[in-house]
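The same chain A turns up in both complexes below, where it pairs with chain B and then with chain C.
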Partner chain A sequence: MNTLKYQSQAVAKPYFIFALILFVGQILFGLVMGLQYVVGDFLAGAIPFNVARMVHTNLLIVWLLFGFMGAAYYMVPEESETELYSPKLAIILFWIFAAAGVATILGYLLVPYSTLAHYTLNELWPTMGREFLEQPTITKIGIVIVCLGFLFNLGMTILKGRKTAINMVLMTGLIGLAVFFLFAFYNPTNLALDKYFWWFVVHLWVEGVWELIMGAILAYVLIKVTGVDREVIEKWLYVIIAMALISGILGTGHHFYWLTTPEYWQWVGSIFSAIEPLPFFAMVLYAFNMVNRRRREHPNKAATLWALGTSVMAFLGAGVWGFLHTLAPVNYYTHGSQITAAHGHMAFYGAYAMIVMTIISYAMPKLRGIGEANCNRAQVREMWGFWLMTVAMVFITLFLTGAGVLQVWLQRIPESGEALSFMVTQDKLAIFYWLREIAGVFFLIGLISYISSFWVKEKIAS
Partner chain B sequence: MSERFTKGMARNIYYGGSVFFFLIFLALTYHTTKVMPERDHRENITEAVAHGKELWEENNCIGCHSLIGEGAYFAPELGNVYKRRGGEAGFKAFLNGWMKAQPLNIPGRRQMPNFHLSDKEIDDLAEFLKWTSELDTNDWPPNIEG
Partner chain C sequence: MSLESTLMSHSPLSISVPELLEVKIIDKLANKRLPGDLAMWFFILAELTVFAIFFIGFAIAEQLHSDMFIVSKAKLHPIAGLINTIALITSSLFIALSVRAIHLNQVKRSINLLVISQVIACVYLVVKIWEYQFLFNIGIDIETNTFFTLYFLITFFHFMHVLLGMVILLIIGINAKKGAYQEDISGFESGASYWHMVDMLWIILFPLIYVI
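And now, the complex of A and B:
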């Protein structure tokens, strides 16, 4: 059965499937690292911690990018009311990106990192070895080429079709993503400058332009599942992302407190990042309001659950847990502790992993020719996945927060001489790390349940 | 409210507000880069420091350690390790001994790999960490433990 409005939307399917495969890999490496936190020499020869972490974070970034691309290929034709400019280009870019991604991950796993750096001629244009930007320079160039082709394809589609607010917001977000990634190629010898502009990629992605992508996907799914008037949904989309950028751009200052930067950043960063939770709170009100005012009962309950869930978890993870340690006098003690890790986990899951699963949940039944929604049994299985993963992530965050508070108490607050050393402190945090690892296993069970829902079919009554 | 506050107005706030605050951000960035030389004493970046940074990157040190609070939280902060482990008098000897003793192979302990660096390379890495420890970081970290 063909249930797509525009046939070219079908190119989104491989993007979504591959995203979920990488997601599974991300979680498996997360569990390895989690165990290494307490059993330090676990697999230390085969997968040293730094390798596991690089794979864990890079898989996250790449699967989210695959998810965003799939979302854009699915949404833009329907929003523009025209077929995609070139479905063939979209498929070619999929294979290039997938091959480059797999090759890079295998490079991390199979040879020492310094060997990978030499093989890929890092010395010609050194960009490697910086957190989240560990990819060989050649991979980074590949990412830029894929992004350019992707933006060209979408841009040509929008130019010949309808220009909705969702399209425009999505495009500004994606163009911003590509533009700010270019700072990954700037790696001065001066560490202070290196760090300053490194944040132009990292912060302006996740607390800037990615929020536009998230907002656009959420607005699209809300229009579809609630049937509320587009004018209303798009108006509030603009309000929310305006707040996100107005707070988030100068909010970058919360990374410039301890970086050979002038003290005024402590004020600018504190004030503007204190506003950053507001757009996320507005997103919760917005999602729940629109669902309450729905004009139709959409059969895809799971997609609605993901849409509501992502707003709440993004508010908690990015908003509340971000605020916890964003004020300069607090950050002085918490900077680079497990509190940062706690915030990172819930924010990425809540805002970005969940928004990708929202659009996958909405679009996959149509892409697979099933119809508006999966059968009831499959949706129930999917919702089990939702709750297990989400609750597990809440516990992961709470345990890491506990570890972080104790770490700050033992290692950061006492004077030199009385403070415990890093390694001694880590031993005292072991119970929290064990609990976090257990919560991580529950997360994996949730993920397995979620993935398995794609194979669940309605029982035929005999 | 909902009738008078239109989508067009919301759109203008989005585009106008973003551009306005981005320009302020660029202006502050410009000012920051102008005054940074006084705080990062870049005149002390020797060839050894530059090479040390390359070694830091090519061995993915940030994958376990943090440097001025950024990186992984699996192993100790190294932004001030120069001061914590001996300073002028003892740091270079300490680092050389430490790097060569890896992996420690203590059962259950977090394990640092051996990166097989030469004496010259370890010395350059030490120069990089020394230069880093002298950055003016507004008094961060709060104590010597990092």
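And now, the complex of A and C:
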């Protein structure tokens, strides 16, 4: 059964499927690494801790990018009321991106990182070796080419079709994503400068332009599942992105506290970070408000659950757990501790993993020719996945927060002579790491439950 | 059909049109609804929160470094601050009158009042730039001390809000000219509310930074 309004939307399907495959990989490597925190020798020969960490974080970034691209290919034709400019280009770019991604991950796993750098001629234009941006230069160039082709395809589609606020916000976010990635090619030898510009990619992605992408996807799904007037939803979208950009861009200051930058960054960073939770809180109010004012009962209850869930978890993870350690006097102690890890986990899951799951949940039944929604049994299984993963992530965050508070207490607060060293402190945190690992296993069970929902069919009455 | 003739034709009572309009305005004023759009008020609330944190930060820093703050404040130009206070309050008055005119469907008058308000707002911009120039000339900048760090951050952030407010008023002025507020003036009220916020912030900012 063909349930797509525009046939070219179908190109989103491989992007979503590949995103979910990478998501599973990310969680498996997360579990390996989580165990290595407490059993240091576990698979240490085959997958050293630094490699597991690199694969865990890189898979996260790449699967989210696949998710965003899939979302854009699905949403833009419908919003523009026209077919995608070139479905063929979208599929070619999919294979290029997938092949480059797989080759890079295999490179991480099969050869030492320095050998990979040598093979890929890193010395000609050194960009490797920085957290999240470990990809060889050639892969980075590939990412830029894929992004350019992707933006060209979307841009041409939008130009020939209807212009909506959702498309504009989405495109602004995606163009910003590509532009800020260019700072990955700038790698100053001065460590302070290196970090300074590194944040231009990392921070301005997750606390800047990605929020626009999230806002646009959320607005799109809310229009579809609630039937509320586009004007009302778009108005809130504008307010939210205005707040997100003002607070997010100036909030970059919270990364500049200890980089030998002028003192005013401590004021700018502290104050604007303090309002970073507000756009996320607005998203909670807006998502629940729109669902309460719904004009239709959409059969895809799971997609609505993801939409509401992402707003709440993004507020908690990105908003509240972010604010927990962004005031300069607090960050003086907590900088780079497990509190950061706690925030990172819940924020990435709540804001970005869940928004991608939201659009996948909404779009997949249509892409698979099932119709508006999966059958009830499949939705129930999917919701089990939602709750298991979300509750597990709350516990992962709480355990890491406990570890972080103890770490700060033992390692950072005492005067220099009395403070424990980094590794001695890590030993004291073992109980928290074990509990985090257990919560991680529950997360994996949730993910398996979610993935398995794709194969669940309605029982035929005997 | 004009508003007046509409009112005349539908009025069962034989009272005059001006009286009816007066009743309409009083009704609107008596009705305690939130002027403008809720989304704009959420935005205003967010803006006020940022400034509130700035003001609290300033007050705490002042308590911690009171001597430095007294000496530094003396270097500011209070007359310039006073001129700006008067400029912003007056500008806000004209916006209030402009909203009143749009309530009465006097679009042209409303736009004229809005333009006057913008011209007065320009006084603020000129004086503020002059003030920054004056400080730079005597060797003061954002890194001079904690007082001036906060002075420049808070006042420049406010300056940017004045500019944003002027852009918003420009847009609603153009919309008004196109006749966009014949039925629903919510958009006009939203812009005016934002402008009132900008001058209200200055009314707190001026005594806090320049005077007390």
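Methods note: the second predicted complex is superposed on the first by the 462 of 462 C-alpha atoms of A that agree within 3 Å, B and C clash if a C-alpha of one lies under 4 Å from a C-alpha of the other, contacts with A are read in each partner's own complex, and residues count from 1 in each chain.
Rule of thumb we're sticking to: a residue touches a chain if its C-beta (ideal position, glycine included) is under 8 Å from a C-beta of that chain, and two chains touch if they have at least 3 such contacts.
Please read all numbers here as calculations on a predicted model, not as lab measurements.
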Looking at the overlay, does A:Ala165 come into contact with chain B only (first), chain C only (second), both, or neither? first
Go through the superposed model and pick first if A:Met354 touches only chain B, second if only chain C, both, or neither. neither
Is A:Arg412 contacted by the first partner chain B, the second partner chain C, both or neither? first
In the overlaid three-chain picture, which partner chain does A:Val11 touch, first (chain B) or second (chain C), both, or neither? neither
Where does A:Glu263 make contact in the superposed view: on chain B (first), on chain C (second), on both, or on neither? both
With the two complexes superposed on chain A, say which partner A:Thr189 touches: chain B (first), chain C (second), both, or neither. first
Residue contacts on chain A - larger count, chain B or chain C: B
Taking the superposition on A as described, I'd like to know which of chain B and chain C A:Ala242 touches: first, second, both or neither. both
Determine, under the contact definition given at the top, whether A:Ala274 touches first (chain B), second (chain C), both, or neither. second
Intersection of the chain A residues that touch chain B with those that touch chain C: 235-236, 238-239, 242, 262-264, 268
Per the contact definition, I'd like the list of chain C residues that touch chain A in the complex. 37, 39-40, 42-43, 46, 49-50, 53-54, 57, 142-143, 146, 149-150, 152-153
In the complex of these two chains, what residues of chain B are touching chain A? 2, 5-7, 10-11, 13-14, 17-18, 21-22, 24-25, 28-29, 31-33, 35-36, 39-40, 42, 45, 49-50, 53-54, 56-64, 66-77, 103, 105-111, 113, 115, 131-132, 135-138, 140-146
Note which residues of chain A are touching chain C in the complex, please. 235-236, 238-239, 242-243, 247, 262-264, 267-268, 270-272, 274-275, 278-279, 282, 285
As the complex stands, chain A meets chain B at residues 33, 36-37, 39-41, 44, 48-51, 53-54, 113-114, 117-118, 122-123, 126, 128-131, 134, 165, 187, 189-193, 195-196, 231-232, 234-236, 238-239, 241-242, 245-246, 249-250, 252-253, 256-266, 268, 332-333, 335-338, 340-341, 411-417, 419-423, 425-426
